Structure formats: structure tokens, C-alpha cells
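Structure, as C-alpha cells:
Each chain gets a letter, A, B, C and D, in the order it is written, and its residues are counted from 1.
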Amino acid sequence: RDVGRVIVTCPDRPGIVAAISGLLFRHGANITELQQYSTDPFGGTFFLRIEFHREDLADGLPEIEAALAGLAEGRSMRWRVTTPAVRRRVAIFVSKADHALRELLWRTQTGELEMDVRMVVSNHQDLRDTVAEWAVPFHHVPVGPESRDDAERRALALLTGQVDLVVLARYMQILTPRFLGAFPDRIINIHHSFLPAFVGADPYSAAAQRGVKLIGATAHYVTAELDAGPIIEQDIHRVDHRHSVADLRRIGRHVERAVLARAVGWHLQDRVIVHGNKTIVFA
Amino acid sequence: RDVGRVIVTCPDRPGIVAAISGLLFRHGANITELQQYSTDPFGGTFFLRIEFHREDLADGLPEIEAALAGLAEGRSMRWRVTTPAVRRRVAIFVSKADHALRELLWRTQTGELEMDVRMVVSNHQDLRDTVAEWAVPFHHVPVGPESRDDAERRALALLTGQVDLVVLARYMQILTPRFLGAFPDRIINIHHSFLPAFVGADPYSAAAQRGVKLIGATAHYVTAELDAGPIIEQDIHRVDHRHSVADLRRIGRHVERAVLARAVGWHLQDRVIVHGNKTIVFA
Amino acid sequence: RDVGRVIVTCPDRPGIVAAISGLLFRHGANITELQQYSTDPFGGTFFLRIEFHREDLADGLPEIEAALAGLAEGRSMRWRVTTPAVRRRVAIFVSKADHALRELLWRTQTGELEMDVRMVVSNHQDLRDTVAEWAVPFHHVPVGPESRDDAERRALALLTGQVDLVVLARYMQILTPRFLGAFPDRIINIHHSFLPAFVGADPYSAAAQRGVKLIGATAHYVTAELDAGPIIEQDIHRVDHRHSVADLRRIGRHVERAVLARAVGWHLQDRVIVHGNKTIVFA
Amino acid sequence: RDVGRVIVTCPDRPGIVAAISGLLFRHGANITELQQYSTDPFGGTFFLRIEFHREDLADGLPEIEAALAGLAEGRSMRWRVTTPAVRRRVAIFVSKADHALRELLWRTQTGELEMDVRMVVSNHQDLRDTVAEWAVPFHHVPVGPESRDDAERRALALLTGQVDLVVLARYMQILTPRFLGAFPDRIINIHHSFLPAFVGADPYSAAAQRGVKLIGATAHYVTAELDAGPIIEQDIHRVDHRHSVADLRRIGRHVERAVLARAVGWHLQDRVIVHGNKTIVFA
């Protein structure tokens, strides 16, 4: 209730925290969480995330936004104000694997993920019944070698104006720049390796081949270059010589779903800021 | 160079961040790190740690302190300003085990721990040569069943006015309230279990007896109640049925030294605030 | 296909591995996994787990068992032969929390847990629909202050002859010795703390109160003494001062379900041997 | 005392464990630890490590070896018998960083690493005094762009016939095939990344550039291809956007020394078997 967030990015210089915290105080807000980071206190880029409580937030928000707009003017300051009261609308893309999807749906139901899953989109029919259990619309958009462009157009039509975030929960198709352009820094993928190791297809086979002693998973924003977008979260699990590729896949599922869920959770709470090809995560 | 820190504890109410960040800005300081925590935004206790850069810090410090004193007046605000330029003076207490001591001395030498080890105090002679390698004074203060009071008096005489922090790096003696009273919230102990499991002597034997699958270590401030002081840091290591008590001791050493070193490091950077019997750690 | 397991416990003395591996060889079995442990090579207790492949296992099993019985005679040797082809029949007990239950059902469906969930028993109705999705019978056995004996009798009647293993997946009732006696070393509970810390009710509140920096979960066999049975598996998750009791509960769920699932999986594969109040886990 | 180890590699087929455990039994040995692995029970490669106790081992060893030689004949079986009583002679190569070296020397002193450090070889003088504290010979073998071949010849002359294992404890020079050929599967390197990510020079800069959320270290046997040899052990540590390259180096040191020490310890206990470009680690 009555919780707001301010996210700010601007060139670093003295007085920014004072200015914004002063502004919030004058508008009746009590800061409950504040995190900041500067790439370089001398001429770097400054990032700020503030969570605050303000009674009758809805009434006060327009004033706060107006004041921030005034402050931002002439300072190259990018800012936004959000509130968990407005839940993000999310589309989850899957292929055949259910683990990441189930985790997201379950954490949404328990309230751990504050989002509104508007639809699940899949190039296969396999998970239709699973999705039905959670009362979420399921759209089958098959993708063939000939129909890729067409499929993407269909998917985009489903999403446009309907969702704020796209989560690729083991969706095994590559998206075109056109699709990516429609959701800049708003498409999260889970890659089943510890990037940048094992970019591309079938990383568990590659991991088994190389004889690694840990396998990992990486949640990242999708960019045009395959598996090279800004990393949000990573984690690993210990394996040994006894584990077959099938074992790695099985173990890896648990890492994948946890890493993806954490990344999505941070995104929903505006804790992730993309800066170049990296992320600042105010976890 | 020119880095300062402000640590503040006070009743929570709107405007504190604005007031202090404004004060720092007016005195030429640029905030480089800010962390805050409130036990309860409505009437709880508020904790703040700010790290800032201010050119010619030594010149500006008196003004900043005066301004903070003014601000604090009438607000039940406890505050202090510190600077890494003034290194803490530390005494390390040991018995016979060398692992925690070596870790602290090595991390001090590499600059990872910003402290000035003034002396090592031990109830045994075993580590005299080890300490000599690091050019740190070694004081042998034997403790017998009869001589305990006397020994503590001797230790206190060595410390008084000479050190700001006491680290018990596997010192196997219990300290009296008189000793503890001389260094409130400034004696850090490493206990070789995951507290509150296995309070007291020989926790590894107790752990083996219970058949736990993880062993741990806990760094905490020492209070009058044994192993019950505010916890600063804990960590664990996986073990299994094959591990004897001797194995647990051997494995545990690695956990102990890492946990103690992290706790001491955070203390030295004023990242640990004691609140009742708990700590806020702005890591 | 055609996989068997031999589990042996006996007084340690030279030649046991030779005798049993020789016996298996003579009966056409190829050892694919072998683990052993001795509490003391001189007069201790010896534990052995062998997994083997034997073509047409069903045909060969009676002979192998007869040969083992012969070998065991006069050696105080306890042994059993099992095969994953005979799936364990399992009852899952729950109260209101769904996370551990869902994990077990999901891992059963994916084949990661090789068991046959015969029923879910609960003292509440809350999870009836969840269980229905997985096509598993749900039995509501309410437990009131007056009806406890009666409820246990009803539960026992459901289980007797029907299940080989009982899993308490956050079942918030204490079982009587009569119930425990019906399933010796075959009731697995998940306790939501790092035992032996925080025995008893509401461990997350106790953890928050003590200010620990890690929370944990413990899977153990249930014995008459509360939370004191042989530990099978434990794990932890890092927390800090910002986490409320509700946060600990939320975070803890993920640890609990993983720890319980691992423990159940090892039990099903006969990897856990109880010895006194400890377990040997051939993971 | 009186502990021996048998390490066997051969084509998998039924009866190997029976044959070797029978052989050991007939020669008075009691198996205290046994681990085996097969790449494929049908026609794969079989690996076996047995640790045994045999009274008056020195007397019995020739017979055991003769019997094994007989068994091996005509079975393509490679085998060796070792005993911890014969400590491996080790040369540690370093450049300027002291952390991995100190860890190895300290763990040797405490008995955790059962080895005999015969010499430290360095292309710099920086660590001469550190080594002197441990009473280990220090050899300065400078390596220049012109003198590389010469330097290697000097190093080889120091090692030949004197050491059984070479540990590169952050030795920042590449070795030639001639050098590697003199110590096949007996040169262990610690690479300061989670291989195969960040092969080559300055992996921490590369990690910072890529924005990874975990940094790692990898201990591996050195082969002709840079950073591509069989991996023995890996581990990671969590980092975030606040960590500079210098921070990663500092944090990474702790991971590097732990990973290297574990790998060396397993090697010394004959727990690591190289198979193609992978390792079987009977940890």
C-alpha cells in the first residue's frame, strides 16, 4: 500500500541524493530503501533506486513526477516513478520444458513474483494442459523453417499493447531484431550455461564434453547478439564425472528455474538497471 | 584519500536522508555509497551509513562534525564520522591454532584488511615464531586456574589506550564482564559452529555426534552470555558420514578463517551496527 | 532395466567386498556402482551398497538372494536386494503449505523421483485441488485436540499395507510412537531449520530473533524425540538484517523443498542407511 | 601406517572388482575405501581406486604388485600401487602473487597436504623471503623474451629426478611442449577463471567487461593447448556491479587458493585419474 519507487540515471555529480531525497521529503514521502551506484564518482554515471512510502500515494504521485521532471531538466537525468500497485503484464514464452514455466506460475500465485501473467506463448502444444491449471491463456504459435517471420508477426500481434515484459522460459527459438526492438531491455532469457562459457545450442553436451565440475545458468536481457546480452543473474551447481548429459540437464533445471525467477523478481521490482552491456542490480 | 564515513542511528521519521545528504552536499562532500535500514518505517529505529568523498577532507571534517552535532540535537540521533585514513589499532588473541591468526595477518599485509595489528596476545608460546615473521609484538599472558584474574588484568594493561578492537582468533579462554566492559561491541570472536547450534566447548565433536551434514562457523561480538552475542557473519561447509571429528576440525579451519576475516573487515569499514542482540551489516 | 542393488550391513572384517563381488560375478552380475564405509576398520560396522546390471534380472534374483542368505549366515550380516523396477509406494502428509508437496509431485512426474505416490493425507482441505491436478488420491484426516488418537488410527488404516514410505512434507502434527513404530526408518520429515538449531515450532521466528545470517532446512527420519532423528540432508540460504520473519519463510520454502526432494530421492535409491542416530548417505 | 592404494584402469567387463578385491583379501589386505566408475558398463573404460590396510605393508607390497601384474596380463589393464608413506616430491612455480603459494605451504605444514615441497621456482625474486620462512629452497629462474628456452632448460635441470609433481601456483609463463612432456599429467595449474570462460590472459578484466555475476577459478592439468587441459576442480564466488577489476582479483585469490589446494590434495592421494581430456575424481 502506498509504496512508490524512483529510479534515476544521470551523470554523477555532488548533490543528487540530497536533491532527490529533499524533493521526496517535501512531498511527504518517507524513504524506506535507498541504493545508489556510480561507475566513477568523478564524471561517471550515477544510478539511484529509492523505495518510499507516501500516504495516499495516488494523490501525491503527479506532484512528485512533476517535481522530478523539473529537477531532471538540463541535467541529462533519466528517471521514472513506479509503484507495485500497478502490476507488470507479462508474457511467458516456452517450448516443451515445463520447469521454468511452472516456477514462474507458482511464484506468481504465492505472491513472490508480483506480476500479472497475461499469456503463455509456445511453438509447441505440450504445455497447454499445464498452463490451463493456472487459468492463464495459452497461445500456440508454431514456428517452422518457412514460417518464422510469420510466427513472429503473430506473436507480436498478441503482445503489442498487452504486456510489459517478455520472459523466455526455455523458449528454443531465436528472435529477430524486429521483435527485440519492440521490447528493449524487457525480454529476459534463461540460458542453460554459465555464460560466457557454452554460448549457443546444447550447452550441457558441451559442458559434459569439456569435463567441467560445475554447471550453471544465466538470466540475461536478450540482445541481437546470441547469448551476449546484459547478465542479470547467474548460479551454479556442482557435478562430477559420473553425471551424464541427461543428468546435467536434470540438475540444471533446478538452477535454471531459480536463476530465472530471481532475475524476473528483481526486474519486476525495478532493481535492475541496464548500463551498456552490463546490469546494475540493487538486490 | 579524502574518504569519510557517516554512521547514524536514530528514531525513524521522514526527512533524515534528505537532512544528512543535504548537510554533506553543503559541506562539499560527494556521496559514493549509501545504505540505510529501518526496523520499522513507522516508529522504528533508523540506521544509515554513508561513504563520501570530500577534497581536503581533514580541513572539512570539523565543520561536518559540527553540523552533524547540530542536526542531532533534540533528535535522539547517535552519529559518528570516521575515515579509513585513521587505521584501527587491533589486538589479536590466540591460543595454539594458527589458521585464523595467519589469515588476519596475511590480509592485513595485502591491504584487504585496513588495520594496524598492534599486538598478538596468547596464553601459550606456540605461535611466537609465526607472529615474529610478521614483525608484530607478541605477548605471552599465561592463564591458569588460579591466575585468571591476574592474567586478564595484565592483558587489559597491555590493551588500554592502545587498541580499538580485540579479535579473538581461536582464543580458548572465557573473558570476564570487566574485560568485556572495556571494549563494548569491540570484541569479535570466531566460534567454530553454526550458532546457535553447538554452543560451548568442542562443537566439532558435538556436530559429529549429531550427524549433521554441514558444519559452520560464526563471527560475533562477545557479550557476557557465552556464544550468544550479536552475530556478524556465518558460513558453512558440506561434510558427510566419512568425516571424523579430526576431519571436521581440519575442514572447519577454512570456514573459520574466512568468516572471521570477513567480519573483521566489515567492522573496520564501519559496516556493522549493533542493535540489541543483532547486527545490521551494510556489506 | 535389469538393475539391482545390494545393501549390506555387518561387522567389519577383511574379505567382505571380495565375497560379495565374487558372488555377484558368479551369478552373472556386472557391478556398476559400489560404495562402502566402515565406522572403524578394526571391529567397526561395515556398510556396503552395490548397484549392478544382470541380464534377465528377474530370473537371476532368487539365486542371488539365496546365495546372499548363505553368505550372511553366521556373520551377523543384514542384507537386502532391491530393484528400481519395483517402485516404492509413498504417502505424502501435508497441512496447508504446498511447496514441498508440489516439488515431490513434479519430480515424480519428471522421473527424477522414482516412486509411486499412492496418496496425499492432510489435516486440512486446502491442498485438495492441487493434488487433484496430479491425479493422486487426497484423504482429509482432520486432527483436533480431542481427535488426535482417532485421526492417527484413521491415517494408519489408510497406510497399512499400502505404502512403503511416509513423507511429511510440512505436516504440522506430531506423530505418536505407535505411528512411528509402524514405519521404522521410513518416515522422512522436513524441518525448517538447520538442526540442531531451532528445534520445535516456528524456527523462522527463532532465527529472526537470534539474528542468524543463514537459514536452513533439515530432512531427517522421524523418531520419538522431536526433531532429533537421523539427519539425511541439510542446506542453507544466506539472509540478512533486512529479512523479516515472512521473508525467511518465503526464502526457506525453496531450501526446504530442495532438501526434502534430495533426501527422498536418496532414500528411494537405497542410498541412505541408518546407523544409530546417524545416516550413511552413499550419494 | 600400513596404508596402500591400488589404482586401476581397464576395459570394463564383469568380475574386475571381484578379481582385485579377492586378490587383496588373499594377500591380507582389508579394503577401507573403494570407488569405481565406468564410462559405459558395456564396453566402456573402467576405473577403480581402492585404499586398503595391510599389516607390515612393506613386506606384503611386492607380492601384491606381482599378483596384480599377473592379473593385468592380457587384460589391457593399467595399474599402480602407491602408499602415502612415500610422499610425493613437489616443485611449486610462482611469479609474484603469494596467495596460492602460502596456502600450499601452510597446508603442507599442517599435514593437510601430504607432500614434500622440494623447491619453489620463480621468474621473480619477490617471494624469496616468504619462501625462506618455510625453509624451502628458492630458485630464481628469470624468463625474458630471449631467454625463454634457456630458462626452461634450467628449470628442467632443477626438476629432473627431483620431483614427482609440478604445481603452477600463479606462474605467469607458458611452458613449452618439451617441458610438459617431461611431466605428463603431473603439472597442475590454477587458472583464475571458470574455464572454459575467459581463456588466456587477464580473465578478471574480461569478467568485469562481460558483467558476470560470479567469478571462478579452475585447477587443471596443463597440456599443450592453453587453458584447455583436463579440469580437476572449479569453484566460484558471487560478485556484483560494485566490484572493480581490482576487487575481482582480491576476491578471486581466495577462490584460487582453495581450488588449487583441493586439486593438489586429490592428486597426492591418487584420487584423480585422467581419461582423455577429462578427469575422474574419486573425492
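Basically, a residue touches a chain if its C-beta (ideal position, glycine included) is under 8 Å from a C-beta of that chain, and two chains touch if they have at least 3 such contacts.
Owing to the predicted nature of the structure, the values given are computational and were not obtained by experimental measurement.
Chemist: So if I look at the partners of subunit A and the partners of subunit B, which chains show up in both lists?
Modeler: C, D
Chemist: Compared with subunit D, which chain's mean CA position is the farthest off?
Modeler: A
Chemist: Would the interface of subunit B with subunit C count as same or different, where same needs over half of all numbers used to appear in both copies?
Modeler: same
Chemist: With chain centres taken as the means of their Cα atoms, state the distance from subunit A to subunit C in Å.
Modeler: Centre-to-centre distance between subunit A and subunit C: 37 Å.
Chemist: How far is the middle of subunit B from the middle of subunit C, if each middle is the mean of its Cα atoms, in Å?
Modeler: It comes to 41 Å between the two C-alpha centres.
Chemist: Give me the residues of subunit A that touch two or more other chains.
Modeler: Expected reply: no residues.
Chemist: Based on the touch definition given at the start, go ahead and assign the chain network to line, ring, star, complete or other.
Modeler: Shape = complete; every chain linked to every other.
Chemist: Of all residues in subunit B, which touch subunit A in the complex?
Modeler: Within the complex, subunit B contacts subunit A at residues 12-15, 17-18, 21-22, 24-25, 28-36, 38, 41, 53.
Chemist: Which of the residues in subunit D come into contact with subunit A in the complex?
Modeler: 37, 194-198, 210-214, 216, 230-236, 240-242, 277-281, 283
Chemist: Taking the touch rule as given, give the residues of subunit A at its contact with subunit C in the complex, in rising order.
Modeler: 99, 102, 106, 110, 112, 133, 250, 254, 258
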